[in-house]
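Step one of this worksheet: look at the structure below.
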Amino acid sequence: MSATAAVRPHVTEDGRELGEVLMDLRNITLRFGGVTAIKDVSFNIQQGEIRAIIGPNGAGKTSMLNVINGFYHPQEGSITFRGETRSRMRPHDAARQGISRTFQNVALFQGMTTLDNIMAGRALKMRRNFLWQMLRYGPALEEEIEHRRKVEEVIDFLEIEHIRKTPVGRLPYGLQKRVELGRALAAEPALLLLDEPMAGMNVEEKEDMSRFILDVNEQLGTTIALIEHDMGVVMDLADRVVVLDYGRKIADGKPDEVQSDQAVIDAYLGVPH
Amino acid sequence: MELLYNIFVDPFAQMVSTPDFLLQVLWEGFVTGTLYALIALGYVLIFKASGVFNFAQGIMVVFAALSLVGFYEAGVPAWLALLLALGIMAVLAVGTERLVLRHMVNQEEIILFMATIGLSYFLIGSGELIFGGETKSMITEELGLPTGSTVLDVAGGIVILQHIDIAAAVIAALMVAALAFFFSKTRIGRALRAVADDHQAALSVGISLNQIWAVVWFAAGIVALATGIMWGARSDVSFALQIVALKALPVLILGGFTSIPGAIIGGLIIGMGEKLFEVYWGGLMGGGVEGWFAYVIALIFLLFRPQGLFGEKIIERI
Amino acid sequence: MIYREAGQFKTSYRQDSAIFPILQDRIAIIFYLFVAFIVIPLFGSDFFLNSMMIPFLIFALAAIGLNVLTGYTGQISLGTGAFMGVGAYSCYKLTTFFPETNIVLLILLSGFFAAGIGMIFGLPSLRIKGFYLVVTTLAAQFFLEWAFIRVGWLYNYNDSGAIEVPQREAFGLIVTGPAATPSVRYLMVLSIVVLVTWVVSNLIHGRIGRSWMMIRDMDIAAELIGVRPLHAKLSAFAVSSYVAGVAGAMMVFFWLGAAEVESFDVNHSFLILFMVIIGGLGSLVGSFLGAAFIWMLPIVIRAVPRVLGLDINAATVEHLNFMILGALIIFFLIIEPHGLARLWSVVKQKLRVWPFPY
């Protein structure tokens, strides 16, 4: 752990202990041609917390998640995850290191069943080689069944037993979002990225989803970074919030601190720049 | 060592020592390239307006030529046969829109593409059923197109220019000019560009997609008829041409799927490149390399520059 | 037998993950295999075996090969014909070099050559998708066709330019060449088709098959989850070409007896693509249904007018066949993109709840 990360472990209001810095982003700058999507943004994510990234449309939130899991490569800056610093990696390397995510527009495998989609989340953990796969016997079958057991735990957890064998293309939007969360959980991630997990949901569905997110965080101890537009949800869920506007960081802190920050209020109400 | 000589030295030595022959080869390549470009143009028109990659464009070329000759052989005068062939292409355009495209809105590109392969088979079957499966020759003279050739004295030798080839190049140029005018100056042309840009937005300002599609397919049909006449005049009219017509695909890879200038430049590069390669290097490999040269060039292009000659790098979003 | 799953409780994930979880399906499979292995060779005429069953099975296998690539991985290919050719020509060369080796083994080996070539031409798929791939697979098709003509070594410098199948014995029977009986060749083809289909089915239902479908449904998400596109796509190309190669080798050795480049031209690539579309993208059962449908179509077109007393010549049959095929492709893509296989499963679903559908 680098000495510069001057954040002490501390305890949240509800008594959970927050650990060391899990991910540290320093001076990230991301450009597409002439457009700067993210400019010199630094923040960190601590072990065990729920970290929210908020900001108006086009603030660079999704780009930030894309940087974290290696889909975009920032031109400047460094990312330290579990003590390892990197400047460039491929998305599947990120997945291998324990980062998994959901997407703003549901990115499920529409042609596959709920079960297969969540099994897909365990793709990385399955090791049996081609030969055994060809025979579907012995180790390959054992492995398949062992992972099936884990996947059923996720299905239980998210209460989606009844749609186990339904192709996800036929499910309503709210359930698709839940399946997508299941797929991310199946990978047993160290860091879970959620891109607008509640977009387009009604109040009831939002309540369900909030409950799942809190359960994941508390029961499984998974660190979560999420983007969300519903401020009520963010204030309730998040331990700390980072605010982006036009690709810059304008605030970072506890929800109530951020809420009363003048720069944040300006950004949301639209003070001319 | 000798192999290296044969690859890197000998062909160029030949080019320099007999420049008239080189010019002749380049001219042949240029004319073939024009025809590739015309087929590619048909693809581009349809792709731009409807996002459909119309595999049947090459077949439409043969189908148009076949109906022209078919009508003439049935005793219709040449000018009327031409009009009737145009009519067939119009019917085909409207029919395709009504029976195929209209039912496939919002399908994935690849499904639409496979549907046009189905359309190709349907056209081949019906074309041969109606007009007969045997090879026909184009009614070049009857249409008032020039025949014969001119011999030019250049570079210490001669170059033979077939008049029909010159006519093909001129007609191709005129057609591109007409299309450019159509796109930029007419109401339908503007609507068409709007559709190409964004289907939803175009719909919301009251442009009829169905009408636009029919128009574009008809325009592609006209291009196909012109191409069919020129091509038929150089060889024969039969569905064997479809294999050659497929070469418009590598042309599109080079030029990009949406660029008219790209289609033309790509066509000329492929046409001249494959002639040069066949004549000067083909012998080393036993000949017949024209069949795959274009594809392998496209393949190499796709490996190193997937966006084509003129395309921009694509930013993927999620 | 009533098609009903009531009362069949699965008490373990192993049972629930089985490829045919419903008892009646397992019985049906055993029944089909019984008919295919025992009844047909005993009672089928030589014409039936030679002109219908053998080509049907071979094309079904080729369709399975293409389905792995197009139906399961979402990568379109117009080079199937050429990959079948690679299998055929490599088997021919192998049997020239190793005349004593069991021909069945050589056929299974020849698929590996097709797999290698397939992977080379699959490389661009890592950077491109959709119809761009059409062009690279067409490159494979035309380049390989050229090689089958111009590289004399491939056909042992025959004057005819064709590969002719020598007589070979295996398991104490004459299995290839003019002296091999249709029933022996049929049984050989059937055994290999069943074996390869079983292996492909295992792959599809496991981790590797899932990674293919992930690439097909949403390649970016698949990569973010940790699927390596390189592994998934190239393995799909390899398996697909392997299967096509085995089908091609069988086509020459167990059916045609001799072949030249026309047997592997682009029209065969189209034909097999049509089998996959009509049968159902992403369905193994569909590959069989599609192959049966397309292989039988011209036979039916020939037979129907004859029954009605009309005279119809061979060329017209051919043209009608093209027209109907084309129209059917469009029809299926519009009405039922999952093809005959979907219709089949709808029927089964109806049967499951019959006679009380609510």
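Quick notes on this one:
As written, the chains take the letters A, B and C, and residue 1 is the first residue of each chain.
As a working rule, contacts are C-beta pairs under 8 Å (C-beta built on N, C-alpha and C of every residue); 3 or more make two chains touch, one makes a residue touch a chain.
None of the values given here were measured: they were computed from a predicted structure.
Centrality by Cα centroid goes to chain C. When every chain is reduced to the mean of its CA atoms, the largest separation from chain A belongs to B.
The busiest chain interface, judged by C-beta pairs in contact, is B-C. If you average the Cα atoms of chain A and of chain C, the two centres end up 42 Å apart.
Averaging Cα coordinates per chain places chain A and chain B 49 Å apart.
Centres computed as Cα averages put chain B at a distance of 33 Å from chain C. Residue positions of chain A touching 2 or more other chains, listed in rising order: 71, 103, 107.
Annotation for chain B: residues 318 touch two or more other chains.
Each of residues 220-221, 224 in chain C touches at least two other chains. By the touch criterion stated above, chain A contacts chain C in their complex at residues 69, 71, 90-92, 94-96, 100-101, 103, 107-112, 116, 119-121, 123-124, 126, 128, 130, 133-136, 140-141, 143-145, 148-149, 152, 183, 187. Contact residues on chain B toward chain C in their complex (touch as defined above): 53, 55, 99-100, 103-104, 107, 109-111, 113-115, 117-126, 128-129, 133, 243, 246, 249-250, 252-253, 285-289, 291-292, 295-296, 298-299, 302-303, 306, 316, 318.
Of all residues in chain C, only 12-14, 16-17, 19, 199, 202-203, 205-208, 210-211, 213-214, 216-218, 220-228, 235, 282 touch chain A in the complex they form. Here chain C touches chain B in the complex through residues 74, 76, 121, 123-124, 127-128, 130-132, 134-136, 138-139, 142-143, 145-146, 149-151, 220-221, 224, 266, 270, 273-274, 277, 315-316, 318-330, 333-334, 337, going by the rule given at the top.
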